[in-house]
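The data blocks that follow each hold one structure.
What follows is a pair of complexes built around subunit A, which joins subunit B in one and subunit C in the other.
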Partner chain A sequence: MQLIACPWCGPREEVEFSYGGQAHVPHPAAPADLSDEEWAHYVFFRANPKGRFAERWNHSAGCRRWFNAVRDTATYRFEAVYRLDEPRPVTP
Partner chain B sequence: MTSTYRTAEGGRIDRSTTLGFTFDGEVLTGHPGDTLASALLAAGRHSIATSVKLGRPRGVAGAWAEDPCGLVQIEEPFPEPMLLATTVELFDGLAAHGLPGQGRLADVPDSARYDAVHHHVDVLVIGAGPAGLAAALTAARAGARVALVDEQSEAGGSLLSGTDQLDGVPATAWVEAAVQELAGSPEVLHLQRTTAFGSYDDGFVLALERRTDHLGGAAPEHLSRQRVWRLRARSVVVATGAHERPVVFADNDRPGIMLAGAARTFLHRYGVLPGREAVVFTTNDSAYDAALDLSRAGVRVQAVVDARPDGAPHRRAECDDAGIPVLPGSVVTGTRGVERVTHALVAPLAGGQVGPSSAVACDLLLVSGGWNPAVHLYSQARGRLRYDDELGAFLPGDDVDGLAAAGAAAGVTDLAGCLADGQRVARAALASLPLEPAADDRLPSAPESGTPAAPMVLWRVPDTSGAEGTTSFVDLQRDATVADIARAVGAGLRSIEHVKRYTTIGTAHDQGKTSGVLTSGITAELLGVPVRATGTTTFRPPYTPVSFAALAGRDRGRLFDPERVTAVHGWHVAQGAVFEDVGQWVRPRYYPQPGEDMDAAVLRECAAVRSSVGILDGSTLGKIDVQGPDAAVLLDRVYTNLMSSLEVGSVRYGVMCGVDGMVIDDGTVLRLAEDRFLALTTTGGAAKVLDWMEEWVQTEWPELRVHCTSVTEQWVTFPVVGPRSRDVIGAVFPGVDVANEAFPFMAWRDTTLDGVPVRLARISFSGELAYEVYVNAWYATAVWTRLIDAGRRFGITPYGTETMHVLRAEKGYPIIGQDTDGTVTPHDLGMAWAVSKKKPDFIGKRSFARPANTDPRRKQLVGLLPTDGRTVLPEGSQIVELHPDGVLPPPPVPMLGHVTSSYRSAELGRPFALALVRAGRSRIGETLHVPLAGSLVPVEVTASVLVDPEGARRDG
Partner chain C sequence: MAELLRTHPLEAWTDTFAVLPAAVGITVEPFVAMADVRLGAVAPDVQARLGVDLPTVPNTWVPTGDGRAIWLGPDEWLLTSTAETPEALEDRLRAVLVPHGGAAVDVSAQRIGLRLTGERVRDVLARGCALDLHPRVFGWGACAQTTLGLAGVVLLALSDDGSDHVVLVRSSFAGYLADWLLDAALEFTTTEQ
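On to the complex of A and B.
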């Protein structure tokens, strides 16, 4: 069981966290202006890369705060965690 | 029965105490310190079980968890299947028998306790052999927080199995001193009988401590039988030693054929001679120790058969002195004997060719093909292995973050080297903490071992028996042979993972401890590729089997999941309520009176509510206190309805959808103040809805000044329901004007009862005049009792969830999650009225305009009335349509939908149902059919509201 570093609480066991899917997929500002296809992309389509992936995580059994993380989907390693109001960090 | 194979002295057993046990019904004895295997061998019993597929006799081939043969079932004191005789510590009263590869689970409940402990350390050392003890001492002396775990009954590892000397005295004396020193270190946790069985990310290791298994029937009841240790370490030192590897030859599975090192363990640790006449077959130096030690103990060693052309020249003189013939450049090609080996067939080996064999009489055939480092825990933590051509073994490659192998587990083969390696790895761990090694950090000195002769890598001896490899066993537990690997390779399999699955090698109880590397070697040979190209199969936890009971620990029975009860649970119990689980909540389902079954009780409760008054404990409803200047903005966005227009003092029903437009929850919302709402959710949806609101506030709308807090546990909710509810509420709360004009439907009012604040809300989940009573949970029982007392003259009837369901279904009110399944829109439920057209946007709005969501053929919620007036349709039943001529369409018969709720109705005097039916609303008045028990039940499609569709009752 790996440790995930909550930006607010520090390293905690992964069972305290829940996964929130791809990060940086904002709710469209004006959904009514979108075509069905554009809206469907927001609702249903997410990236599924092998390698680095910016994702949302929630420290659901801890401080209950959401944050973002860059994780390698092949190794599971968390390479960076960052607050929602921070930009995606540049990982080496 | 006398222990004819027990040595007169030596070993770590207590000969002064005799333990009685039975095996296969035979009464035998042993001593404290014995394992079941050593006690059986002491009685001369080698044949323990038969093999799983072929039924061949099998004996004890190893001395600990690597043994692939000696499977037993314990019958007394508690039945337990699939244990190794080599790892069962003997106790008085043990009753066991051998197993043909499969055991039998106990058919009585396990009364033992199991528990778990979390522990955090700087350095975790796994294995208390020379390397592990050296590592633990080094770390402890530096002041690190240390845990040392070892799977055996006492520390020492390989030192218990030999005659090594340290600082000129027996090594076991150093072990005792080391254990004492560790015991005196306050920051050291030292656990024996504790197997680290899983190694995971970031220094997380699971270990199983067997606390009372070795005590048998004398185990104190207050102690847990086994304990799972959840260890988290900054650094992990894997000092797990090595497993001896056999060499495969024809008929290599007979009882009496044993790993050479195991024989040494039985002699030195348990005081047992595994035989009288031994042949030792080896490819390396280590088996010479076994041959010489056994010879000294009185075993007649017929020959050391050394596959190496030159044998071990430096051991020659010792063998000559002991009168042991050495046959270099020779191999064992086969054996004779059925219940016990009687002969080894010995032949010269030159240039890969086996010469003519001669039979050598023996009752013990020791085999050593080299040593495989026990890399399981290293590999589980995603350490990469590298193949060492000289050792013929896979060794740990680079260090994993925070985890390193030491000693024999890292391929070190001599005692001095293991001690030094343990210290080296521990110092590296200290440096990362960082901690300084202690000034006095001395380890004992081991005598120089002579220059060893290089081992020879030999996986198998060519089969000259004519059996073509079908009796050359690679995995004894699976009865899998060289012929099976050849068949796999012949079938085109190249990956070692595929060979494993095709042959089942390594999938048994022992998980291939002796067979895994052999399989890699033989597969590589057959494919003509280097072993490093073949690699090994993936090592996965657990290292040794762990019972589900231990993993479950205390999380079973009532402690499996938290049980939530309301503040008036005791009253329900006293009234004889029948309960049901709703999520984690335990709720009264109905309150049967003497002689009533559920149907009768529910019909009575329903009739009472609709004709007079009933009371429900609705405290489990989710309650979220939404506060802040932007509270109304948030609710406008998460509900499909307009909430910002709600007046203080009023209540509105609302629906919540996901971004896909599908209903996720519903409930009422009370506006408590301009900047404060109380949002009610379904019982099951409470946590989900709070999380949902939090997610949107945090991730999308951080600018909103609003906070959401669960107050489910703080407030109890008692709906008082029925035409006489106004009388009851008026009587209990005289401070409230309960007249319809003063306190209309969908309004709430605050009042007090004896100074205790109470909130009343006119919310109805039944269509009847109803008041929900909210009060601090502390006063729940008092208020509940007042309501019951005041309602007595109206025959107030407590009712449970079943009646609640019937009453709401009669009114067509859906239960989200029962009448919906995540593919249902508010429009499908006939709730277009709850979807605001004024709001520019809310979660899910855009999805309503998708063509798939406006399709008139979508499934819609409707009522169903079985036309026979008697059948209660099972929930989940499918709904079909007949051709106009009354014939069922040919298969596959189109399914139009399914029954989502179905009950008997006291009000209607007949059963009814709710259903999701394709284009359901356009079918109202039609007759459809429900296949049920071989017949087709005709049902009339109706509107979803079957009772009081005009809403005449809600104001009383």
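On to the complex of A and C.
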């Protein structure tokens, strides 16, 4: 089974984690000013790349903290994990 | 009308546990008061007033005077006490933590403890837990929140030779976990008769 390195707990089996979708989606500064279409784009529209993708993950069976990970969607390999307050690391 | 007596979730298993061989001993820990502590920044004066150095290294626990302080997250701990009532523990912690923006909640009824002792305990745990529990990496003072079988547990290491562990499990999962442990220990309980 694939191991995912929780930034707090270290490597754990992937069944301990749950997926949280795309990371770094900024909340609109003035949500009330958005049109329905713009709001729908914020709520529903997500990137779906083939390759490296910054995602949110939650260590739900362990420390229950959210963190970010860069995962390659083609190989499922985790390139980097980092805490929520850290910028996305540059992956080669 | 008959009085409703307070019973332990694993009362029906105590006779079975009592006849287990020493290599895979299971005993039910008595009720202890437990409080879930949230605190953003651990300041030295808070530590002093709590009377315990909250462990900041992930997956470790430290003994306190009459209980344990267990790391659950970067801003979350589980404090146990065998001497205080749950209400007294919660009140004492709140008095210290609330002025610092922290919180303490009584969670005594959430988990119960099972103490696993014996030289084959690691083999039993390995049946349903993927973590490396070798004392080289999981010696005294280590803890881990993980799954054992299908139950979420907090594992504590109480010895440096891997023969003494405490499993904290939700009360409603305790019966399942007790059955699971007895099943996992079957090879060590039947061949030594």
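Here, the second predicted complex is superposed on the first by the 92 of 92 C-alpha atoms of A that agree within 3 Å, B and C clash if a C-alpha of one lies under 4 Å from a C-alpha of the other, contacts with A are read in each partner's own complex, and residues count from 1 in each chain.
We take it that contacts are C-beta pairs under 8 Å (C-beta built on N, C-alpha and C of every residue); 3 or more make two chains touch, one makes a residue touch a chain.
Remember, predicted model here, so these are calculated numbers, not experimental data.
Participant: Tell me which partner A:E16 touches in the superposition: subunit B (first), subunit C (second), both or neither.
Facilitator: second
Participant: Look at A:P26 in the shared chain and tell me whether it touches subunit B only, subunit C only, both, or neither; answer first, second, both or neither.
Facilitator: After superposing on A, A:P26 lies in contact with subunit B but is clear of subunit C.
Participant: If you stack the two complexes on chain A, which partner ends up touching A:A5: first (subunit B), second (subunit C), both, or neither?
Facilitator: Neither partner.
Participant: So, A:A80: does it touch subunit B (first), subunit C (second), both, or neither?
Facilitator: It touches nothing on subunit B or subunit C.
Participant: Which partner does A:A61 contact after superposing on A: first (subunit B), second (subunit C), both, neither?
Facilitator: second
Participant: First (subunit B), second (subunit C), both or neither: which does A:A40 touch?
Facilitator: Touch partner of A:A40: subunit B, not subunit C.
Participant: Using the superposition on A, tell me which residues of subunit A are in contact with subunit B and, in the other complex, with subunit C.
Facilitator: In subunit A, positions 1, 64-65 sit in both the subunit B and subunit C interfaces.
Participant: Could you pull out which subunit A residues touch subunit C in their complex?
Facilitator: Going through subunit A, the ones touching subunit C are 1, 8-10, 12-13, 15-16, 61-65.
Participant: Going by the contact rule set out above, which residues of subunit A touch subunit B in the complex?
Facilitator: Residues 1-3, 11, 20, 26-28, 30-32, 34, 36, 39-40, 42-44, 56, 58, 60, 64-66, 76, 84-85.
Participant: Quick one: which bits of subunit B touch subunit A in the complex? Just the residue numbers, please.
Facilitator: 200-202, 204, 659-660, 691, 694-695, 698-700, 702, 840-841, 845-847, 849-851
Participant: Which part of subunit C faces subunit A closely enough to touch in the complex?
Facilitator: These residues of subunit C touch subunit A: 58-59, 72-74, 76, 130-131, 144-147, 152.
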